[in-house]
Structures are given as C-alpha cells and as structure tokens.
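Both complexes shown next keep subunit A, but they swap its partner, so subunit B is in the first and subunit C is in the second.
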Partner chain A sequence: MTAPTRSSPGRTWRRPPALIKSPAWRIVIYGCAAVYLAAAMGSVELDWARISQGLERGARFAEGFLTPNFTTRSRDIWQGMVESITMTVTASVVGILISVPIGIGAARNIAPFPIHSLCRGVIAISRAFQEIVIAIVFVAMFGFGPFAGFLTLSFATIGFISKLLADDIEEVDEAQAEAIRSTGAGWWQIVNYAIQPQVMPRLIGLSLYRVDINFRESSVIGIVGAGGIGATLNTSMERYDYDTAGAIIILIIVFVMLAEYSSSHIRRWAQ
Partner chain B sequence: MLTVQSLEKRYKTGDRALTGVSFRVPRGQVVGLIGPSGAGKSSLIRCINRLIEPTGGKIMLNDTDLTRLNGAALRKARRRIGMIFQEYALVERLTVMENVLSGRLGYVSFWRSFFRRFPQTDVDKAFGLIDHVGLSDHVDKRADALSGGQRQRVGIARALEQDPELLLVDEPTASLDPKTSRQIMRLICEVCRERELPAIINIHDVVLAQMFVDRIIGLRAGAVVFDGPPADLSSDALTQIYGEEDWAAMRKEKEADAKDAADADAFETERLERMAEPA
Partner chain C sequence: MPVAPRNGQRVWTRRTHAAEWTVWAGWFALAVLFVLSWQVMNERTIWAFVQDAPRQGADLLSRAWPPRWDYVDNLWRPLWDTLNMATLGTLLGTALAVPTAFLAARNTTPSAFLLRPMALFVIVSSRSINSLIWALLLVAIIGPGILAGILSIALRSIGFIGKLLYEAIEEIDETQVEAVRATGAGRSQIIDYAIVPQILPAFAGMTVFRWDINIRESTILGLVGAGGIGLQLQSSLNTLAWSQVSVIFALILATVIASEWVSSRVRRAII
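Let's look at the complex of A and B:
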C-alpha cells in the first residue's frame, strides 16, 4: 500500500544553479569575466572613420558583384579555374589512394599494435596543421604555383580520409569478420570480403565530400601562393579590379554548389 | 571424428568459462549442446576452430591437434570446419553467391578471390548448394534483401561449400520463428546424416534439440553435467543443467511459445483462406 498523495502548500522551489554551486564563486567568476570583456572591448580601438571607409569599400565590392566582369581577364580566370580543378582532382585521387592503406593500418581491430600506432601518428600530424599553414610551408619549399597546392591538398586529404575510414573500420560488425575468418580466409581476404563491403559506401561518401572540400580549399590556399583560382582572386583584389573578383567568386560558388549537388546524388546511388 | 580432451578456457578477467571438458563425436553424429547462458557453450565451439584461444587441453580433429596450430596451418584446419552462426553473420552487402563462395576462401589465392574468379568446380558446387537450400532464384540478390530463414540457408550453404569434416553451429534458430526454426534444424540434421558429418549444435531450445539431435551434452558453469541420448533427458537431468527455478520457468515459457505458434499458424491458414475467397 502506498500513502495517498497529499498536497503540501507553501513549499517553495527554485531551480538549482546549473554550473557553479557556490554563490561567492559565482560572483567572482562572472565578475572577472565581465571586467575582462569590457577591457578587451576597449583595447580593440573602435574607429568610426575607418568603419565608414570600410563600408564604402564594401559597397564597391557589392557593385562589382552586381556587374561581374568575366571577359577582360577571362584568360587569367580560365587558367586559375583549370589549375584549381587539376589540383583538386589530382590531390583527391593521390590523397585517397594513400589514405586507404593508412586507414586500414590505423584500425585497432585489424592492424597489429606497432602499425596501428605508426598510422595513427601520421594521421595526427596531418590533422594538426590547417591547410593554410601547410601551404605556406610547401610554397616556401617548392615555390609558387599549383604543385605546392597539390601537395597541400593531398597531405590534408590523408589526415581526413584515413581518420574517418579507420574509425569506420573499428565499428564494423565483428560477426561478419568472424564468419569469414572461420572459413580459413587469410588477412587480406578478410579485409576484402568482410571489411570492405561494410565500409565501402562510407568511403565513397567521404571521398566525394573531400573532393568538395579540396576545391574550396584550393581557392583559399591560392592566396598564400599555392596557385589556382585563389591566386587569380587575390591578384584581382590587389588591383582593385572588383568586377573580375566578383566574377571569380560567382564561379567558385557555382562550382561548389555543382560539386555538392552531384556528390550527394552519387552517395545515394552507392548505398 | 572429433575428440575434445580436458579442455580449459580461462578469460583474462579470471572467469573460468570451461573446466576440463572432454567428449568425443564420431562420424555422422549430431550433438546438441545445451545449458544456461554463461555456461560456456559459445566458448566451447569457438575454442574448437580457435576463434578464441583455449588455455589448456587438447582438441583432435581426425589426426590433427587443433590446439597446436598457428598461421597457415591454422587456416588450413579452419577450412575443414564449417560454422553456422546465430545472427547468420552473412556479409550483408555481398550477394548470395559471393557469401556461399566465401566458404572457399581458405582454398584459393587472394587474387583469385579478389577478382571473384573461383575455380569452376567451386562455382558448380555453390550452384548445387544454393539449389539444395532452395534459393536458386536469389543467386545475385544481396544478402540483406533476404528474410531470416533464407539468410540462415545461405549460412548453411556457405559452411557446406567448405567441404567440412566438422560442423559447428551456434544457436542457429535464436533469431527465427518456431516454424522456420524447425525447418532449419531439419535441414542441418539432414545434410549431416547425408554426408556423415559430425556436428555440434549450441541450442538453448531444449525441446527443439530433443526433436532433432542424436545426443545431448549438458553444460553448466563450464563443466559437462549430462551426456547421453535425448530420451534420457529426464527432468532431474534438466534440473541439474539449468537449476531448479530456471527449468520450470523455461517449460512454462515453452508452453506459451507453442501456444503462440499454434495461434499464429491458425491465423495464417485462416488469412490464406480468406484471401482465396472471391471479393
């Protein structure tokens, strides 16, 4: 038997504090944060004159976008676009080809410990650096141009695909691998028959996604000298040639949208 | 013939899964391995094909000591032992034919298997087995497009494609309905008798085991507590295997299951009759 429910009038209730239990600490921490924020804001040097100048320049950008000029610099644009696409395709293919063995080696459930640590190390190094940082290093090493961009994107692709492929392999259904192992299959046969079918759709999806990212990155790393459409964009901005810049940005947007749209289609088909 | 001699398995956590298990299975005998969950049934059959490593004892398959093998020799021994799994363990994205042919992986080189260029005799055998289990219309269907009973038939065909000298079967009916369970058990026992294949079947369903197997081994806490023909499985013996309360509960559950199955069958017949009626 349970007691009948009784109403108890006059009992107050307040939601318990979520983050910091002690009221004293709460005042100290929030107070410090507010003081720092105020001081930091003060040090930024708000300069209304510069802001209005900037807005004026922004208006000229916008004007440029509204009157994009594809023709005057069409050769430069065309060359930059071809470079970017070449960089994207070659770097994606090379990067993915290198990523697959590294990803397999980095999966704890199928690779022996020393190989696993080595591959995870390679992945960690590749993921530690942002593309721009790598691009600066490669441009310094191999000079301006798309070769540095190709190396940058390949290197970044390895970290991305290997990591996600390895994680996916670690999550495969072990029962399927056990069944193939029990037939007397060797290690490569287990990878080919039990692992590959399970991770292939995801590998295809990731690869297409990476092609997408590589194209976008190719327009960014051009700014630090690694060739491609980014270099053309940077040059036109330096020449105050906003009409051409507008044309380039429109082209980049169109290409990224095309890549995104087609890759989502292919991914659905590969399920 | 399979001989298991004082087999021991102790896990790293210290759990003793098997303690001195010994028995012998002659040609063509189908053995049902029963016992409560955690009794070591799964560990026992996985020790035999070394999917897990036994910590002591000896396992002889004809003249080979399975516990001493490593590397290529172990793979050569594994291909002589067919295994059928609880959740079918088919490779879901491969076709029925590829799943069946994967039973030959221990016999062919990597490149042959990579390009799916299996020897003609293997392909002939696979077609024969797919026919035998009644799936000839589904050869190129992906395994994930099949029903539970059909998948288990593919599992059986894959195991037989190995030309095994021993069949290990891990809870073949745990994910199937009662009627399909009986069909699958019948199929497994038939092929074993046809090929004089010794088999060990892990099975939690005592009544189903009694219906089909030649001999029952009862396992409790990693030790054999019953070994004899199904007819000798008295309620005393069952109490010894499962403990007092569990066995009574199981029998009650079994009766409920049987009633459900009968109800389902009746419903199905009635529905078919109604569908046959003109609208």
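Let's look at the complex of A and C:
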C-alpha cells in the first residue's frame, strides 16, 4: 500500500468552484449579473394599494377554485371542451401527415440540396413564432372559431415533428441504407426499407407527445379568438365568474394529466 | 413467440392475432375520431370567412407592408420589461422549484407519504396551466403590470424545472452519496457534497433552456395585460394598426432568435 500521507500544515482542501473555473471570468460574470439584477428589480413597479385590493379578489378566486361551479355554464364548458378536443385531433392528424414529407425533405442525407433548404426554411418559419402569434394572424384571416385554431396547431405541429424527424433521419445508421442500396433499391425503396424502420418508433413517440402539447395549446389560443376552452375561460374571467373559471381550470388540469398519462402509456406500449 | 399456421406450417409473425386486431382497432378508432372531429369543426366554422381568407390575407399584407419602422422607438422600454419579466420570473421559479424538486425526488424526500405527493401535485398542476392562463388569473388578482408577468412566468417554470430536476436527482450515482455518508456527513452535507455536484450541470442547462422558453412566452403575456411588448401588440391589434404589428412581430422574432442563440451557446459551454 502507499505510504501514510502526512497532513501538511497550512494546506487545507478547498472545494473547487462549481460552474465557472477561471476566477477572473467568475468575477466578471457574477458582477454583470448583479448589476443587471439591480437594474431589472428597479424597473418593477409595485402598486401596493392595487395589490392589497387584489388580494381580496384573489381570496374570492381561491374560493371559486375550491367550490368550482360546473353546472351553471355547463353548456359553454362542454362546447369549449369539445372544440378543444376537436382542434387537437384534427390538427394533430393533419399536421403529422404534412410534416412527414417535409421531415423527409429536410433530412440532408436523403434529400437534394434545393428541397432540403426549402423544407428547412418551412421548419424555421414554423418554429420561430409561437402558437399565439400565429393564431392572431390566422384569426384575422379566417375569422373566429375552431378552424383558425386547427390551422394554428397544424402549422405548429409541422415545425415540431418535421424538425425532430429530420434530425432523426440524419442520424440513422448508414450501414443499413448502404445494404439496401447495394441490392439495387431506388430512393423510395431505401426510404421504405432502410430509413422508415429505424425512425418509426421515435416518430410514433413524437406524434403522441405532440398530441399532448396540442391539447395544452388548444386551451390557450382561445384567448385570442381561436375557439376552444380558452375562449370559455377568458369569457368567464371577464364576467368575474370565478366559480366557473375555477371549474374550467380544474378541467384543463385533469385533461392535461389524462392526455400526458395516456400518451406516455401508449408510447411505452408502441415502442 | 407469435407464430401463425400457414399452409400447414408454423410461420413466424410479428404480432399475435389479438395484437394485430388491437392495432387495427386502434387505427380504426383514430380514423373515426378524426372524421367526427372534422364534422364538429365544419359545423362551427363560418365558411364564408374561410373562402374570404385569401382576400383578407392579401389585405392584411398590404396594410402590414411597409412596416412603420419609426414605431420601434416606442418598443425599447417594453422590450426591456419583457426581458426582465422572463429573467426575474425564471429566477423566482427556479428558487421555488429547487426545494420542490428535492421534496419530490424519491431519494431525498423527507416523507414519501405526505410531502412527496404534495410536491408532485405542485409540479403537475404548474405544468398543466400555460403561463398565459396564469397571467390571465394574476392580472385579475394583482392588477396589470410586469409583476403579474413575473409571477406567471415563475409559476409555470416551477413545474418545468421541478420535473426535470427531480428526475435528475433520482438518477444520480448512489455510490457517491454512500461515500459521503461514510464520512459521517449529515443530511444537508450529503445534499451539498454528494448530490449537488452531480446535478449542477444539468440544472444549469435546464434553467437556461427554460429562460429561453420564457423569453418567447413573455413576449405575448401582455395580450392579457401582464406588461411587456405584448401590451403594445394588443393595443396595435385593437386599433388595427397592422403596420405596427409587423414591426412588433419582427422585433419578437429577433429577440427569440437572439435568446435561442445565447441559450444554445451557454448550454454547449456547460455540458
């Protein structure tokens, strides 16, 4: 064994810094962060009178949340929920159907350069704006209601699925494609026999995950007029009808949990 | 192993008969659901507006172009507010998410029967409600302004960071905990010396990632009155000033791209 180590006086173990190794950079970065924080905190305007007023309202809201009222506006809630689910289903199916060819086109290893850059452009546009911004434009173009929501969610789905599918195709095992190619297979046959079996499990997983996201988003885009449960929630908040709002929020939480649980369950089963 | 008799011989098949029928029934149910949803959506859509869409779109474009670039001078202050909302909200959300995650992780929770389910419930409900809905509630309670935005960003971030962090805590290498415990370390020392160093890089990565998402979300929180550039967007939309809307969209796009660049650089530096 090694010789017993002598404890050297004057030298104690000091814990190495966690994230930033160089001391100079550490001072600079932490200093900048402190200055920024001070400036940012200073820009927050607090109106204590309004807040104390609001606390009473907050208490009423908490009360509404604890005693949710599902019955009075049950027709509106039902309609909003049906619209949300409708938008989720149609947008997921259509969005995924469109995003598969775009995803294939955006993969560098199987698509020629012009198609690749075109499809990557579509993906970039779809990903750059979040759903609400797209919903604003679509509501202005197509009028209020679930159709605008359907288009918004389909558009957002295309960006999400195509990007991840294309990245996945770019990372496939080239040896399998090579093997299929050496049998004299054409482009379609390579995609069908070499690429598709490798990316299919992940595509199914991503699709189910996207269904989950689409439902969450469908509960929000109603706020700008694209139909769904978000519109019902917005209306009930504007009426100060906190009991109904509480009921809607509870419903959203329950449905999101259900969607998340069942999608992860199906994903585990399908993969 | 699933085998099926064919021409008197037992042949390997991918699935059993029952599984095949289940898969087929699943696809059939999806098709039926899609058709039903499509019908519901058709009923609630005013098709006259949809047919009008190309004209509306062209009209919108002609009004939005050219953008009123000098309007950008009114936007710097809201943009600063937006960035502050995202950053302060991320910090607050992270500060709340860390204890929640330690309570929720199976290997660090003080009580698996009481505190762990509570912490998990906090995480799930925070994740289910979009920050825009949080903002809708908080604006009603504490009044419009940047504070409502900060709080709604924070409330949404708890679930995101809490979930990823507690999963990271549950996946740590237990032998390091064992080693530190063998030195006679107490509970907090174990967390400090055995757990924190293992999760710190992942934690920093997910915080920066959430900050990037929060920048996107904070740009639209103003639509419901929670401060930032969304307020300007809302007032421009209300006055149908589409040439200002296009400037705001351009600025949001630039901000989002910049924050994505920053976050990917920082994450690459950390991980």
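Rule of thumb we're sticking to: the second predicted complex is superposed on the first by the 228 of 271 C-alpha atoms of A that agree within 3 Å, B and C clash if a C-alpha of one lies under 4 Å from a C-alpha of the other, contacts with A are read in each partner's own complex, and residues count from 1 in each chain.
Following the convention adopted for this analysis, a residue touches a chain if its C-beta (ideal position, glycine included) is under 8 Å from a C-beta of that chain, and two chains touch if they have at least 3 such contacts.
None of these values were measured; they are calculated from a predicted model.
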| item | value |
| --- | --- |
| Partner with the higher number of touched subunit A residues, subunit C or subunit B | C |
| Which superposed partner A:W48 touches (first subunit B, second subunit C, both, neither) | neither |
| Partner chain in contact with A:R216 - subunit B first, subunit C second, else both or neither | second |
| Subunit B versus subunit C as contact partner of A:F113, first or second or both or neither | neither |
| Subunit B versus subunit C as contact partner of A:I180, first or second or both or neither | first |
| Contacts of A:I85 with subunit B and subunit C, given as first, second, both or neither | second |
| First, second, both or neither for A:W13, with subunit B first and subunit C second | neither |
| Of all residues in subunit B, those that touch subunit A in their complex | 49, 51, 75-81, 83, 85, 87, 89-94, 98, 102-107, 110, 113-114, 155, 158, 162 |
| In the complex, subunit A residues that touch subunit C | 18-19, 36-37, 40-41, 43-47, 50-51, 53-55, 57-58, 61, 82-83, 85-87, 89-90, 93, 128-130, 132-133, 136-137, 140-143, 145-147, 150, 216-217, 219-220, 223-224, 227, 230, 233-234, 237, 240, 245, 249, 252-253, 256-257 |
| Subunit A residues touching subunit B - in the complex, by the definition given at the top | 173, 175-176, 178-186, 188-189, 192-194, 197-198, 200-201 |
| Subunit C - residues contacting subunit A, complex | 30, 33-34, 37-38, 40-41, 44-46, 49-50, 52-53, 56-57, 60, 80-81, 83-84, 87-88, 91, 124-125, 127-130, 132-133, 136-137, 140-143, 145-147, 150, 196-197, 200-201, 204, 216-217, 219-220, 223-224, 237, 249, 252-253, 256-257, 270 |
